[in-house]
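In order of appearance the chains are A, B, C and D, and numbering begins at 1 in each one.
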Amino acid sequence: MSFWNDPLRVAADWLQGIFVGWGMNETGAHVLVVFLGVLLLITLLMVLDIFLVWIERKVVARFQDRLGPNRLGPFGLIQPFADIIKLIIKEDTTPGDADKVVYNLAPILSMMSVLILWAVVPLAPVMLGTDLNVGVLFLIAAGAIGTLSIIMAGWASNNKFAMIGGFRQVAVMVSFEVPMLTMLLIPTIFAQSMNMNAIIDAQNVWYVWISPLGALIFLIAAIAELGRAPFDLAEGESELVSGFNIEYSGMKFGMFYAGELLHAFTFGGFWAILFFGGYRFFGLEQVSPFLAILILIIKAMLGYWVIMWVKYTMMRIRIDQMLSFNWKFLTPLSFALLLVTALMNALLASAPTWLYILGMFLANVVTGWIALEIARSATRQERERIEGPNKKVAEASH
Amino acid sequence: MNEWLYVALFIIVGLIIPIGAIAAGFIFGPKKPNPIKESTYECGIEPVGEAWIQFKAQYYIFALVFLVFDVEAVFLFPWAVKLGQLGLYAVIEGIIFVAILVVGLVYTWRKGMLEWA
Amino acid sequence: MTGAQIIFLMVAAFTLLSAVMVVTTRNLVHAALWLVSTLFGVAVVYALLNANFIAVVQVVVYIGAIAILFIFAVMLTRKDMRDSGPQINKNWWAGALVAMLTFAGLAFLLSGWSGFSKTAAELPAGFDSISLLGESLVSPEAYVLPFEVASVLLLAALVGAVYVAFNPSKK
Amino acid sequence: MVPLSWYLLLAAALFGIGLFGVLVRRNAIAVLLGIELMLNAVNINLVSFWRYSDVLTSMSGQVFSIIVFAVAAAEVSVGLALVISVYRRRNTVIADELDMLKW
């Protein structure tokens, strides 16, 4: 057992030895070591978060044919640190009419709800996440705290825009939680476990091949859960001047902002874990845990990049369109997909692997195609109802 | 029990870090409050009326439909874990379970309660 | 006193304190938020009892959905949330007395029971409560009927609530 | 190890506090908050009886508490819908003032 093969264990044993040497008992030393490990992980995440600001700004700049931050340091890499310093030395105002305690608690809970997600992330074969047999539901439980923090921020600010923004965001988040929960059931069915580690272990075939539609619906629901464009009407800069976080300034705003970016990256990571095999990549993960973490980060970054791509390509949709899209299309579709998956899983249980994969893939494609056809005919009827049935005839006669 | 200890540590550290960051902002930032600065932001004009007002009933409907399907999904998780070993009858039970609830969704839809108006 | 006992006492104190705040706070949104902290305390109690699934479901269903529903309902029924007038009945002492008597009665009844101070057996290694739970929820010998009836109950609740809250006869 | 009695006493205390809320609060929504506390107290009992029973493999306690979740969800959704409906007609949520059936 060397540092290269299992760095965490080596470091933990070494530290534990030191603490025991200082006269601590075994359990206390163990808890302290784990605490330090968690502190290290979360500190690294916060550093990563600072770079995410830079990445996000660079990528959006490229999407919009600009340069992005390029003054401070090489490629503007120092820019996010300057932003942090600015946030720290800014005056932290609290509105006089606000509900002070709830107002101050909201950004803390918002950041915490993102950070605790990493408790169940398996980083490498030897650095598994917490061995929680309800890992998948833990994702939703942490999301529930995030939802609560937004409603708290919106209510406590005592500002009309914040209130409307917070309420809209919560309505959207809870609505899209239904397809997300349903799509979390699909990896659970395949892996026969809710444990994230077990789900990665079971992915000899990436689940995106046996449930491409599931991966897509999960991504859409995740984007809505994150409150990013095209579902960002909680912030809606042009209508609600930033929505629920309008009254926040300084580091409290920074917590919401950093939380949002880290949340997006984290969901990129969960997308990779649930549907793209997590840290697994053709056996490369066995070489070294460092390589496994690198694979996971690259996959998470790709997922994050897709989320950014959607954000900077699509325009914001209205809340009624968004809720209709969820309840009238995405939710029924996700239930249908769940039942089709469960049925095919039972029918193909004894089939050879290639047939199983092919059958599942085709079932997904057929389900998605039928759903699209139904949606298309429904929207055609809707359009004819609004425009009048004779419009097409009139246009044709021109 | 042990696994929840890790989660508890994550919660503790997850609280310490944002509190520390906000405290840093509090320590290093200037503190010169005045009534104008502390007034509610409403795009530059004087705030009008109260923000803690009565809200649209439609929010309640969406939260309600969500609550029902949330509980439903929770029931399905143990089912999904066990599904691979149970065979077809469990799948059929799940289909009946979901179908009953989809009736509720259809009812809400037909009543026009899913419209935002 | 062992570590488990200290943790339990802390969690219990937190839960009960929040519960007291739920029933005494004047501001209803604060009461709902205190309810959230009570429910979180109860979730920790479930975790202490090794009921992982119930603990996480407690957070998902109660904090994620029911508490949100409460907050929405408060917003919908209050024109001004800083409500004037008493929040508590005139004869609150009678209520307090009944509550105290209930607690005392329950404690008295329980203390006479033989299994009162039982201690729990260690969980067997590899004990998978979720898989057992799934099995008992769908197996015909166990709880498949409650499982399906729960779906009917939820359907009835959805239809009933939609009908009651938004009866179109009154607009 | 924590004995069963502690959990049962916690549940009983929670039940008492919930009962106090139900009896004393004037606002109908606050009454529902009290009912939630009582339901949670019941759930603590169910789960602790499961944990302290001799047959851990029998999941009755957990199954029952999951059913209680469904019941709580149904109760809250219909209860709050009633409150909202009453509020729309009578413009009040104070339980004492809803005395139409008295006459």
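Keep in mind that, in the parts below, a contact is a pair of C-beta atoms (placed from the backbone, for glycine too) under 8 Å apart; a residue touches a chain by one contact, two chains touch by 3 or more.
As the structure is a computational prediction, the values presented were derived from the model and not from experiment.
Here B is the chain whose Cα centre lies closest to the centre of all protein Cα atoms.
The interface holding more C-beta pairs in contact, when B-C is weighed against B-D, is B-C.
Chain centres here are Cα means. That of subunit A falls 14 Å from that of subunit B. Averaging C-alpha coordinates per chain places the centre of subunit B 21 Å away from that of subunit D. Mean C-alpha positions place subunit C and subunit D at a centre distance of 6 Å. In subunit B, the residues that reach two or more other chains under the touch definition are 3-4, 52-53, 55, 57, 59-60, 63-68, 70-71, 74-75, 77, 80-83, 90, 94, 98. Shared interface positions of subunit C, defined as residues touching 2 or more other chains, are 4, 48, 50, 52-53, 55, 57, 60-61, 64-66, 68-69, 72-73, 75-78, 129-130, 133, 137, 150, 154, 157-158, 161-162, 165. Chain contacts: subunit A has residues 132, 137-138, 155, 167, 170, 174, 177, 194 touching two or more partner chains. Which chains touch which is summed up as A-B, A-C, B-C, B-D, C-D.
The part of subunit D that touches subunit B in the complex is made up of residues 66, 69-70, 73, 76-77, 80-81, 84. Those residues of subunit C lying in contact with subunit B across their complex are 4, 47-48, 50, 52-53, 55, 57, 60-61, 64-66, 68-69, 72-73, 75-82, 130-131, 133-135, 137-138, 140, 144, 147-148, 150-152, 154-155, 157-159, 161-163, 165-166. Of all residues in subunit A, those touching subunit C in their complex are 27, 102, 132-134, 137-138, 140-141, 143-145, 147-148, 151-152, 155, 167, 170, 174, 177, 194. Within the complex, the subunit D residues that touch subunit C are 1-10, 12-21, 23-27, 29-30, 32-34, 36-37, 40, 43-44, 47-48, 50-52, 54, 56-60, 62-63, 65-67, 69-78, 80-85, 87-89, 93, 96. By the touch rule above, subunit A contacts subunit B in their complex via residues 31, 34-35, 38-39, 42-43, 46, 87-97, 104, 107-108, 111-112, 115-116, 118-119, 130-132, 136-138, 155, 157-163, 167, 170-171, 174-175, 177-178, 181-182, 185, 188-189, 192-194, 241, 246-247, 250-252, 254-255, 319-320, 323-324, 327-328, 331-332, 335, 338-339, 342-343, 345-347, 349.
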